[in-house]
Amino acid sequence: MTHVLEVTNLRKRFGGIAAVDGVSFHVDEGEILGIIGPNGCGKSTTFNCILGQLAPSDGEVLLDGRVITGMRPSELNRLGVSRTFQLLQVFPQLTVRENLILAGQEHRGTMLTRLFGAPDAGLGPEAERMIAVFRLDHLTHTPASELSYGQQKLLDAAMAFMAGPRLALLDEPTAGVNPTMLSDFKERLRTINREQGATFVVIEHNMEFVMSLCTRLVVMAEGKVLAEGGPAAIRANPAVVEAYLGH
Amino acid sequence: MTRAQRLLVGAGGAVVLAALIVAPISLGRYGLYVLSQWTVMTIAAIGLNLTLGYAGQVSLAQGAFVGIGAYAAAILTSHGYPLALAIVVALALSFVVGWLLGYPALRVQHHYLAFVTLAFSTLAFLVFRNEEWLTGGIYGISGVPRPTLFGFSTNKPLPFYYVCLSGLAIVTLAFWGLVRSPWGRAFLALRENPLRAASLGVDTRRYTLMAFAIGSALGGFAGALYAPLTQFIDPTPFTLALSLNLLMMVIIGGSGFFFGPFVGAMIAVLLPEWLRFADRYYLIFYAVLVMLLLIYSPSGVLGILDRYLRSRNARAASAMRASAQAGLSDEAVR
Amino acid sequence: MSNLLDLVVSGLGTGAIYALAAIGFTLLWQTSQTINFAQGEFVMLPAFLMLAVMRAGAPFWLAILIGVALSAALLGLAFKRLLVDPMLRHGVLPLAIATMALSIALKESVKTFYSAEAQPFPSIAPSGSLSIFGASVSLQSLCVFAFGVVVVVALNLFLDRTSTGRQMQAAAQNPTVARIIGIPVERMVTLTFVINAVLVALASLLVTPIYLAKFSSGETLGVAAFVAAIVGGFNQVRGALVGGLLIGVVDNLAAAYVSTQYRAAVPLALLIVVILFRPQGLMGRAEERTV
């Protein structure tokens, strides 16, 4: 069986420093994979190499067995790889609904149908559904700029699932989110995973969040994969404990 | 926008449109000429507002596209071809040249892009002036005919004004459709955050080129109306100054606002005429007024209106929250 | 060959003038993200200030001093306080448009209040020509070139060797950090505006005897200054000098060898090539500030 995402021996050097140094892992259908590791271990660089934001120095990335190394971000997105950024990136002038439609519209039809077709590109119902899943109903027509930070983070994540992606990569979805909202946030992501069968990868610092959300974890340290396995196994792994607590 | 505001805008639009149709009947030759010029400049400014205001790509070449359209129309109609054909050619030619001018925007941004387009604008002027076999050089092309539509001659100022006004109406409707379509959303995403836009599948390269091409095509359309309006085309109106003037219209009207170009062109075309009472000082007055306006509101005239509406909406929202809370406490008492 | 030498020298003369305007242009950009579309008119105006002072009966040398001082007050301090300061935090474009309006105001004011006709202007450089290797070279061009280079070298020394100059550079490169370490950033920015005003006054003094004083003469000068600044490197004083000289020479050679009709196209073509393939300019470093 081919994996949804397969990363083989990925390397990225900046000058003499290898930020990512031979990373390999894979993601299977319907999985929620967590990537964890201390600051500066190369998690985000790995993401950026997979997503075409950075050109990897070496290695290969496969999506459903197809080589996608070095493709442009917009091409990758249309092949079904969506993402969120570490820093919040919604469009403040657009309403919640408009943000969601924007996130899906380039996956529908052609340039011509997008010009002459319906203003919502036929995505109205899908946007409403996503709004319901992420419980933003009362904010449908509110500009994103007027949402609270946590609500914007929810919207940001919802946008990543709008086009029914093959694979979604979430970069620190909980950063800056109010702790009281976290469990709700987790529930939303679970719902998406369960109902849409969405496959996704999460980079997280919040251990409790990631341990309870993910089905499998990859631990990175100093640009390499340190350990891999289920949450329980990772928690018990002495190497991981050492890397995290350090000396 | 609330429903009431939308109604208000609709009603206001209908009144303005009626005024634009009825009021000029009493205007003299010169008044009609100036008003026609307003419609033409508004069309060109709408195009630049797409490139700059919606898609965020600076262009100092819009005047050159007005020139390209004007020469295309002047050359074709004075050889006996109908204006409709000339308009199609002007649109197509400006679209293609605008598309090509968009390529530098894929490499450089902001002030660098501004200077590339500035250079293009000046180069286009040199071609208008020097290629005498095509453009008549400094002697220009005179006697550009006005069209006959459905058997009616539009040679007189009033009928031709209606031709220009219809052109503006068509462009306004088409532009409304464009900015409401997914393209409008993609242009805004391109302006606000190209990186994020790309990660959502927006082909930023193609939309950048499209923003240039469509904006330029509207410049060409404006030019194709400008030629029969003045009935004489020479290189002088199409210097860099026109491009700068159009840019000024977009900014002082309100860049990125749908009606910005209408207001901006009104200020740039009509205000100097209204200031004629100031005699030979009128251009100084005009320039000082523009500076004062920009100091007061860098986001242009519509920026003032926008801020006003926003603060009113915010007040209304907080009043609603307050009354909702009052209602809750009422229930608690009961 | 003799012709070529003369062309190059006179090109260097005009180039030095372009360089003065271009340097001021880049200084304003560096310290306050001001794209001054009135820079050409800034070069045009001081000559008229000097002419007005002379008309009032002052000798030429006094008129120069008063003209430079007035320029520093009007085009330096007043320009910054009244127009740039209120608009600075609203981004590059509205301010750029305001400077366009300013250029109209300056042009029209000179035309209305002084004269629409071109005025003769006395030259500080000797006339006549010099013979070098059998070629005759305009003495005026040589003097203008030499004067321009001296000014630029002096400015460079000021920026690199004096503590005020280094503070100015720090204020331009990173205002936040500069403020933290106690540099009076605001005063440094004002100083660059005054320096720009003095530079354009000097450029005015040099260029006006060649092309006469006319309200519309800023148009070509302004564009030449933009082109010189970009070609040389938008963030470098040295670059603006090289850019200015290069544009002056290229312009002159293009007029002689390409065609007078398209002479203006050659520097612009150069501009496009430089922007597309070396956007940091011939002498510049890649721009670190994200604008």
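Every chain is named by a letter (A, B and C) in the order it is written, and numbering of its residues begins at 1.
We take it that contacts are C-beta pairs under 8 Å (C-beta built on N, C-alpha and C of every residue); 3 or more make two chains touch, one makes a residue touch a chain.
Everything quoted here is computed from the prediction, not taken from an experiment.
*Asks:* Name the chain whose C-alpha centroid is farthest from the C-alpha centroid of chain C.
*Replies:* Between chain C and every other chain, the largest centroid distance is to A.
*Asks:* Can you identify which chains form the pair with the largest number of contacting C-beta pairs?
*Replies:* Top-ranked chain pair by contact count is B-C.
*Asks:* Hey, how far is the Cα centre of chain B from the one of chain C, in Å?
*Replies:* 33
*Asks:* How many angstrom lie between the centres of chain A and chain C, each centre taken as the mean Cα position?
*Replies:* 51
*Asks:* Just give me the whole-number Å value for how far the CA centre of chain A lies from that of chain B.
*Replies:* For chain A versus chain B, the centre distance works out to 41 Å.
*Asks:* Applying the document's contact rule, which stretches of chain A touch chain B when the two form their complex?
*Replies:* Within the complex, chain A touches chain B at residues 51, 53, 72-74, 77-78, 82-83, 85, 89, 91-94, 98, 101-103, 105-107, 111, 114-117, 119, 121, 159, 163.
*Asks:* For the complex, give me every residue of chain B touching chain A.
*Replies:* Spelled out, the residues of chain B in touch with chain A are 178, 180-183, 185-186, 188-189, 192-193, 195-204, 206.
*Asks:* Applying the document's contact rule, which stretches of chain C touch chain B when the two form their complex?
*Replies:* Checking each residue of chain C against chain B gives 29, 35, 37, 83, 86-87, 90-95, 97-98, 100-102, 104-105, 108-109, 112, 223, 226-227, 230, 234, 261-262, 264-265, 268-269, 271-272, 275-276, 279, 291.
*Asks:* For the complex, which residues does chain B have touching chain C?
*Replies:* Residues 58, 104, 107-108, 110-112, 114-116, 118-120, 122-123, 126, 129-130, 240, 244, 247-248, 251-252, 255, 280-281, 283-284, 286-288, 290-291, 294-295, 298-299.
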